């Protein structure tokens, strides 16, 4: 889960990390008065939960009030990677002479929180990672020690030479780590972190992601989250025990288990189809879940065929089949369905489905191929 | 450093550990109105920084207002192990049916904080430790994990069988650990911890000691400390770079280094004398320190002889001798002094002292024997 | 032989009085696993399906000599349960609990290392040595005793694979679901070592997923240390960038951890990668004939 | 031979630009210790008495190959300095700093263990292998190369003892001041093992203090593992109960850790205990003649 730049910087401020003076604005008028208040120049920045807003024209420097309102007019309402810009951040324009990157994230390999630092700040860190991986220094943080003063200093010395900056940076890095731990973050990033002409460190931008699994103990973070349309659907699905992610294809998928769901999508793609979603219904045979899942799939107008792939393990296939039949009796599905059922008691399960005149196949390959064929047939109608 | 029972329980309360309702009183009148407010019965308890106040008659149960004021009259002004009782705590008298002991302290062996628990609460834990050491269960706390819920539960199950008590206790033990860590304590103790007739845990008494070395980061604790007369002298000495502890004998000691100071006292005792103090002047030869140390020793009227024992290491004996001479010229000492000086450049040092007509010897044995002889001579005058 | 669990395993079930805990305790017992006890604070002295319940893991271990523990407690309590098992001297912990905060797992890791405790999971289906011990939520009936060691980051996909193996007469020595959380216990590398050292295991199936670089590391490890035949499958070839595919916790970001990279890594070290689950048995048979 | 430090020791001084750090760095260098560098954040590139200064221990170790570090930073910063040395790969850390909070030392301990870093102190005078390396604040001139290994919880009392040894012609292999804080690094037991294993050490002097039970444990260890002659001295025989005797941190409480108990423990395992420091040389000579 993500939050906006302005929200991340509010959290930074609470930990006394210096950020630009700035105001959140929803209208051009607000931008105008914020600009007058902050003084020129200002930077007008789109607040959307998508990366790459700079390239998309969502960030503009304004040297006059006119430029500021023009920028605001251009940015507000703009579409960035499918997100409509509803608010902008107006921040003081700061003179600076150096940009660095700092960030904290989870490192699977060292099984710890890792601090990343690079003298090449200001650009997308993913690009630096690709083109010049050695330019990103990585410091795993011992979970038992946390961000010790010496480690913070060691990192700071890797970025700065002037000792006054090293001290400021070391202090800031300890605070960033505290923020990471206190909020159950999965990413905390300042890019760029700049040295102002006065010789002070200042966070020009801020980014934070959070561990969904820890939201139960992070009510303050949960409260400020603004799920976008896709995320709202995903959250709603989660509340029903489903894991759902909307994609761009035309074959709706319903699978039990995340790995099998991915493999199912892979099969569809392998045979030339496009999955419309990732949907893991978990391990139960309750008709209620199947109904919820089916409604979720059918709410997407792009879906032309539904492919159900269930491997019966602890939950036996005959129970699954009865659940499917019960569900499909209650819900009107106008488009074709392909069901693949395998595993424990699959024979009995397939028999139940056949008797209910539901179209069944025995292997994933068959299911994928059939779904694609049906899909193509419909498209050609 | 210690604090009073009422102060410890105030800290407990801040962490939501249930303690008796109670009021601190300085006069019999205050005890009377506190009693009326709290309701009968009450317990009147001397607040002094000494153990064993129960045995000394410093704790009395009062079933009537009369009994309460009588108790207060008896206790206020009472002397307990050299401490005058200046205030009493009036606490609600609680009906309870079980007393246990719980405490946290530092364990040198496991190099960790250790939780001690005993079903034999209410009595001095030192006595339990002597007579029935197995009755005290000890749980070292992993410094990296702290007091985990499972450990708190494990300890709680060792004390209680009813699960509602186990849950209360586990919660309380985690809080006690947090108090210990937050305050840099060296001891946190509840004795007795009781089960009220309503089935709730309640701290009837509370005790906390603190790590002197950590006071620099514990201003809240430092602020509530009430050093007694001896401690005031010790603190004053500390501010002058001296480590001083007043004892009962007649031979004042001035030594460089704690171990040597102890060994010096041991020598005095070995030959039948009694040291008047422990005094470590540290490793410098500054006359100022010697003067401060001498004034400290002479402020004790029991002191009849002063024995100075210096081992010159990094600080050479000739420098030490010059410092001593300078100091003793500035300060008028009316009682005999014995000086032992050894180590680097001791010959030169001894020569300087001899020229200043100061009485010197070469070994600790000689110094101790001479000091004792002088002491006895004076006593016989 | 087999790895990690066998008929000598003495298992306790943490969270045995909960819905999932009691259900699967019975299933495991019915499979033949030596379930010696369960733990549920405050329920000590009770029984679940004839299995004695204790208040603490420490009590359970003292009373039963258990060496393995499986955890079915709610996610917020899982890390503490893992630590409790480790502290009580259990040498292998399987954490089934789903949704455990990543920072909890990070906190737990060094303590387990210090104690020498092996962890599988969290958020995993557990493991099975067919015919000897089922320690997890895997459907015991689909497994067949044999010589294939299987390790997987996924649950139902594992069952799918095992189904393919079993229906083709390829039995399994031990099958381990390691879970898909970002920070987990035993990983491919450790298990490859164990399977390599296990005389009963003749070939190895590795089922990976997008995200992280565990598969790349595994490939490197295989190249240097594994002489037995290995075949692989990678789920998530079709997953779009930047999307997290459900509980598997697979994330693709900045060009690392894609299926293509992982497949390439395996093929570069001579490990054939199946494009469809159905291909696994044939690939295995081919490798075994070599 | 000798233990812990010798002429091959490569020493860095943390806090080298401070008053004590610079003073003792020069003293140690003058004694002949191989002081290869110093650390003082923000002073990297400077020199102290010809010794190069670095910003971090990591930088210093990389540039000099240092294996030992001595710490002279203010007490509130000492724990962090110890951790920094350990993280940088230094294998022996001597912390001179006085007044370090006990909980800081408790926090440091498991990390050092994990890294295999040896610690002496805090609040200790350091150690010396006469004629080879002085790593501490001990007065080098009072020591004499020889066969007596000495370990002590006290500072000046150690000098007193060494003075007695040296003036009686009894040279020392290595003398270690372990410090008197409640939670410290290497203790009697570890050092007894090292002296026992050191071919150059012929006899051992142990100087204990009241408080704790390190001496009792040492006695037990000697009984089971030490074949070389050991003599002991215990300071604080006259200390009253419940009083803390200065920076040595010695506390007597509830009948444990008294001088009488410690003396009894040593004598019970055949370790003679001197009642006066002056008796040590004669006791040693007697033991060595046996």
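The first chain written gets the first letter, and so on, giving A, B, C and D; residue counts start at 1 in each chain.
The rule is short, and it goes like this: a residue touches a chain if its C-beta (ideal position, glycine included) is under 8 Å from a C-beta of that chain, and two chains touch if they have at least 3 such contacts.
The model shown is predicted, which means the values in this text are computed figures rather than measured ones.
Work out the mean Cα position per chain and let me know which chain is farthest from chain C.
For chain C, the chain whose C-alpha mean is farthest off is B.
Higher C-beta contact count, B-C or A-C?
Between B-C and A-C, the larger count of C-beta pairs in contact belongs to A-C.
Express in whole angstrom the distance between the two chain centres, defined as the mean CA positions of chain B and chain C.
Result: the chain centres lie 55 Å from each other.
With chain centres defined as C-alpha means, what is the inter-centre distance between chain A and chain C in Å?
Distance between chain centres, rounded to whole Å: 27 Å.
Distance-wise, how many Å sit between the C-alpha centres of chain C and chain D, to the nearest whole number?
48
Which residues of chain D are in contact with two or more other chains?
Residue numbers touching two or more other chains: 107, 110.
On chain B, where are the residues touching two or more other chains?
As it turns out, chain B has residues touching two or more other chains at 142, 144.
Which of the residues in chain B end up touching chain C in this complex?
Interface residues on the chain B side: 142, 144-145, 148-151, 153-154, 157, 163, 166-167.
Per the contact definition, I'd like the list of chain B residues that touch chain D in the complex.
Touching chain D: residues 106, 108-109, 111-113, 125-126, 129-130, 142-144, 181, 184, 186, 211, 213-214, 216-217, 243, 245, 247-248, 255-263, 265-270, 275, 278, 280, 283, 311-314, 342-344, 363-365 of chain B.
Which part of chain C faces chain B closely enough to touch in the complex?
Listed in rising order, the residues of chain C that touch chain B are 41-42, 44, 55-59, 77, 80-81, 83-84, 87, 107, 110-111.
Could you please specify the touching residues of chain C with respect to chain A in the complex?
Against chain A, the touching part of chain C is residues 27, 75-76, 99-107, 109-110, 137-139, 141-142, 152-160, 163, 180, 182-183, 207, 209-210, 212-214, 217, 233, 235-240, 243-248, 250, 253-255, 259, 275-278.
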